[in-house]
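You will see two complexes here that share subunit A, one where it goes with subunit B and one where it goes with subunit C.
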Partner chain A sequence: MNSLSLITSCLTLGSTDPHPNVTPSVLYGLGWLYLILFAMNAVWTWKSYHRDCHFRLPEFLGGMGMPNAAVWAMYSIALLLVSVTHLTCASVPEALRWFVMPDFAKSAIDFVVADARRYFAVTTFGFIGMLLLRNWLAKPSVGWVLLNLSLLFLCVSLTDWDFRQIVGKPDNVPIVAMLFIVGFFTWLFFYRANENDRRSALGKGPIEAENNEKVLTWPDLVYTEMICMIAVTALLILWGIALQAPLEEPASAVKTPNPSKAPWYFLGLQEMLVYYDPWLAGVVFPSVILGGMMAIPYIDFNKLGNGYYTFNERKFAITTFMFGFLPLWVGMIILGTFLRGPNWNVFGIYEFWDVHKLEALNNVNLSEYFWYGIGQPLPMAPAGADFWTQAPYILLRELVGFVAIGVYLGVLPMVMAMTVFKKFFLRMGFLRFMVFSNLVLMMAALPLKMVLRWAVNLKYFIAIPEWFFNV
Partner chain B sequence: MSVGDYIRDSQIWKSVFRHPAPYDRRNRVVVMLTNFFLHLHPVSIKQQGIALSYTWCMGGITFFLFLVETITGVLLMFYYRPTLEWAFNDILALRDVTTLGIMREIHRWGAHAMVITVWLHMYRVFLTGSYKPPREFNWVVGVILLKLTLLLSFTGYLLPWDQLAIWAITVGSNMARATPVLGHEGPGFQFLNLGGYDLITNASDARFLLLGSRFVGEETLNRFYILHCVAIPLAAAGLIAIHFWRVRKDGGISQPL
Partner chain C sequence: MAATSLIWLLDLARFMFPNVLVEPPTKFKIGPASDYPLGGVSTKWLAARGVWIVHTDQYKGRNLIYALASVCTHLGCTPNWLEGEQKYKCPCHGSGFYINGVNFEGPAPRPLERLGIKLASDGQLEVDKSVKFQEEMGQWEDSNSFVDGALA
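Now for the complex of A and B:
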């Protein structure tokens, strides 16, 4: 091969691009993913065939009855063809250009996720939508369609170089898996809860109370445990063979990586650091989260829903807990892992991690809003004053912040007790209600500060850097 | 007489298992009572209580992963030396040359999996309302175990002594210096002083206690190694025993009342 043709072939294969979106090995790997997707849907088609469900075609297509299985069969065959195409044509990326994420979709998705405000809005409203549409979403066919859509999204997104960098990091792979697992179990919860809620509306007991004779632990339980242990062992060995545990350069105290991230399960806490100082986000709030979780059984006075799945009988408890677990905990981990890049800026999932991306930060303290608002300078102690002379000035300066926090944690619970949570207050008694309301308010403190930061650039409610006391 | 029957009829077999194989109803009851490992379980159990779609098996898998982590962890301890000179090189050797170096992969992925399964176990217990009376206290024990799982994972994160390790621990442990009163950059640290001298400095605060140093260094490696391999596993094992015992004493797997 002469040098000219070598250069031409390099150019056509795009190997001069340091960040190639599609490479033969990526396409080949995707072929196997599509094959797995095909196998899953082939099994689903088989089950659908045996369930024998039909739907009616629209009039302009003839209006005849069609088995659902026929649609799933066509979809499965399409997946098989896509898979075979990937496995056989992997070396000709141009032939597979229809199976990559189109650029307009990438920019649309990045527009939503590359901004903490929109990301938070999407996860929160998505959560509310999930609760409202729970009856529809918990149908097996809807769940299956959603699973297929998310896997297809993953497949076509993997054709993007930047997406692969962030999702394919060995330590991030379990988080991707966790998304699917948490999604599945949330779906399973609603599936079982809806069924029990329907039964309860008909005056029947929960499904867990039916066919509930005692069986012998050997074999009924020990065999399940045995199979679980074998499955987990096999999974771990396969995972260990397929994916090497990460090992970066030897530790160096002088080379700070950018971004520096805590282990992935603490990234929700690290995300709080954007809005609250370390003493709150790193010490007080984690302690409150743990203490609050331990307090749950002593706060929840609702006797219903013990030992079976239900949503309607425990609407408040489940909504609150799920909001904490899904958008606030898992959602913030996703934000911290996949979207936070250099300088802790937010990046899109298809966006290059540019160290020089700039975001203006001009945040204002509540005290500054107050004193400048009434046309006064900030109260300041004379230069060189000692601690006891300074203290009154500082407290006066931050007075409005102290009042705001006092109202939030002290007065608001009483207002809640007299209005929306009147029933709770009567059932709980004073002490229990104060603990409950303060925990709920502290949980709301994160979204509250986020919204205030985005809406009015609020930096601190109380800003006393002199004493490391910023709230 | 088949070989299997011959073995089960031998004095050795009988001395270990004390009764015939659990083929019939009587021996299926007896096996649960006489076997140390099986006696964690009751002899019989409600059918719906052990349905996989009810329990998700996440608590059981978490415990199994704890055992996997213990076994692979002990094997790794034979190779790994927690010193600045050797820590990184030993992990490198585990990756490149050591027979069964895959134990490190299993250990790390098992740790990630354990964090996820313990969350899901909590999720399931909450969603079935199983923390409600009479199981309130066992939920509290469970929350502590959740915290210990995260701490186990966190302390283990440092041991490979690569860039990923020390910077993750630096970011995580920097929080400790902002501890109210006990951190040298925390609100109220000025209250602890004697005759004008601060008792809380960067060489005596909560972060120093955690790291054994003013930065993540060799003392930290030693401290995290002991926490990871001895202190936290012992605490977790004790609490797991209590957790299981209380499951039985509080009425077994939760069921509709």
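Now for the complex of A and C:
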């Protein structure tokens, strides 16, 4: 090879970005996605034309009545145009620069999600907002707008290389699907519940009681089941052919993949392991979750809401369950899947997975806070002391932790019984109430510890590495 | 019936002691101390033996050479030695350890474990994986858990 061609090849190699944001094939694929979106909205337009009401145009546009469907029609046509542009101009990315996620939006989104604190705050407040706005959110057209927005967000974001890496990983594809499914079923619940709540406000019974949905097992149910079975099988086969099973490198005892992730459904537990000791996060808490769920029927004294959807009649139960499921379980799965990167650091969805990203996470135990706070050294047994001389020193060192936990699980339930949960206590009786309040407190312990870790770098309430006992 | 069960039980017990063990010997030589200059973490024996050889004066100010087991004290993943950041960082839940093996970030509750190390008669260092020394138990004071760094 002569030197000239070497130089040119170096130059061209140097100029090609190894992580290109937009490539012709990506744009071409997006064209198809937009086309699907167009088809969905065309159907919606048609339905809206037959069902939805009209609105009045403002005076300067003539002031005449227009069907809502007209707006949807315009939106659908816009989607069709976008799709055609993508399919025909895929080889000239310049022409499509209006359809990529702008950099300022990327950094704004990353700023929020690339930090576990902000991410948790957003999910929690989003959850509260969802409960407050439930009547509005559960309208079909609002739900449809939300679906469209999330799909558009996905389309526009797919023009980013790093985003494609995490969302398009064969491991993660089902989780993206899961997000939409969780969204849909949450919406469906509120839709049905609102309807019944409105009816009960008018003094009518739930809709389920009125149009009795009883059908014959044969043929209705059996046929439906069989069709579902065939559809699911077909889907799984297609999926198996289209996406290759994500195998990793051969296992080795001395090399752990970085990052090392549990199966997606356990990522919530893995997140818990960051904050609590293994025996708690890996053994005690999962058992408490399972046992607690089994205990729900025995704790629950509210006879309402049996066999029909409702929110207003079971506010506390549904809110608690949803908080546990949405921000604490699904939210943590999202955090673990999309945001945790090398060295278990948190990364933004548009951020490059840099192995050398630095995050200072110096942690301090509660006992250290206490003893250094009152200006004392940690109580320590003289060197070489045996177990029985050591024990009192260790227990004294961790005294604050024990007191804190004791107050939290022992005293707090009584305070709760006398104040906010007075009605519950009276209806449940002592034993049931203690079980109930301890379960609620344990559930609250996870976000509590997370917040303390982020706010004051708290490591463990009780830290006795000598006996493998840390809380 | 009882006899059969007994024989079966004995067989089972015998089964627990295989005729050959294919594990590498727990003691191995790692060359002279001069291979391990001060301030360095050697990953030479990581792949084969799962140890880092550390020569540091960052633990209580003493100049020591010792062997750290590459097992995270949280749940047992293998951390990575990050030269730039001068720390061991675990890919599983993000625990971090200083160069001397003491934990400082993430969920790991205690320092990495030291393994036995001594100066063999031929002038080489010899690591013994069958003994462990845990800092939180005060075992790092044990003279079998390090050799004098001045040897290097």
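Annotations for the structure displayed:
Operating definition for what follows: the second predicted complex is superposed on the first by the 445 of 471 C-alpha atoms of A that agree within 3 Å, B and C clash if a C-alpha of one lies under 4 Å from a C-alpha of the other, contacts with A are read in each partner's own complex, and residues count from 1 in each chain.
In the analysis below, contacts are C-beta pairs under 8 Å (C-beta built on N, C-alpha and C of every residue); 3 or more make two chains touch, one makes a residue touch a chain.
Every value quoted in this text rests on a predicted model; they were computed, and no experiment measured them.
Touched residues of subunit A, counted separately for subunit B and subunit C, are more numerous for B. Of the two partner chains placed around the shared chain by superposition, subunit C is the only one that A:Y275 touches, whereas subunit B remains out of contact.
Once the two complexes are overlaid on the shared chain, A:P465 sits against subunit C while remaining clear of subunit B. Applying the stated contact rule after C-alpha superposition, one finds that A:W344 touches subunit C and leaves subunit B untouched. Residue contacts after overlaying the shared chain place A:Y308 against subunit B, while subunit C stays out of touching range. Of the two partner chains, neither subunit B nor subunit C is touched by A:N135. When the shared chain is aligned, subunit C comes close enough to touch A:L358, but subunit B does not. Applying the stated contact rule after C-alpha superposition, one finds that A:T389 touches neither subunit B nor subunit C.
In the superposition on chain A, A:S260 contacts both subunit B and subunit C.
In the three-chain superposition model, subunit A touches both subunit B and subunit C at residues 252-253, 255-257, 260, 270, 277-278, 282, 468.
By the touch criterion stated above, subunit B contacts subunit A in their complex at residues 22, 25, 28-29, 31-32, 38, 41-50, 52-54, 56-57, 60-61, 64-65, 68, 88, 91-92, 95, 102, 104-110, 112-113, 115-116, 119-120, 123-124, 126-133, 135-136, 139-140, 143-144, 146-147, 150, 153-154, 157, 160-168, 170-172, 174-180, 183, 185-190, 215-217, 254-257. Considering their complex, residues 252-260, 270, 273-278, 282, 342-345, 355-356, 358, 360-363, 383-384, 460, 463, 465-466, 468, 470 of subunit A touch subunit C. Residue ranges of subunit A in contact with subunit B, taken from their complex: 171, 174, 177-178, 181-182, 185, 188-189, 192-193, 205-222, 224-225, 228-229, 232-233, 236-237, 239-241, 243-253, 255-257, 260-263, 265-266, 269-270, 277-279, 281-284, 290, 293-294, 296-298, 300, 302-310, 314, 317-318, 321, 325, 387, 464, 467-469. In the complex of the two chains, the subunit C residues touching subunit A come out as 46-48, 50, 70, 74-75, 77-80, 82, 84-85, 89-94, 96, 104-107, 109-110, 136-138, 141.
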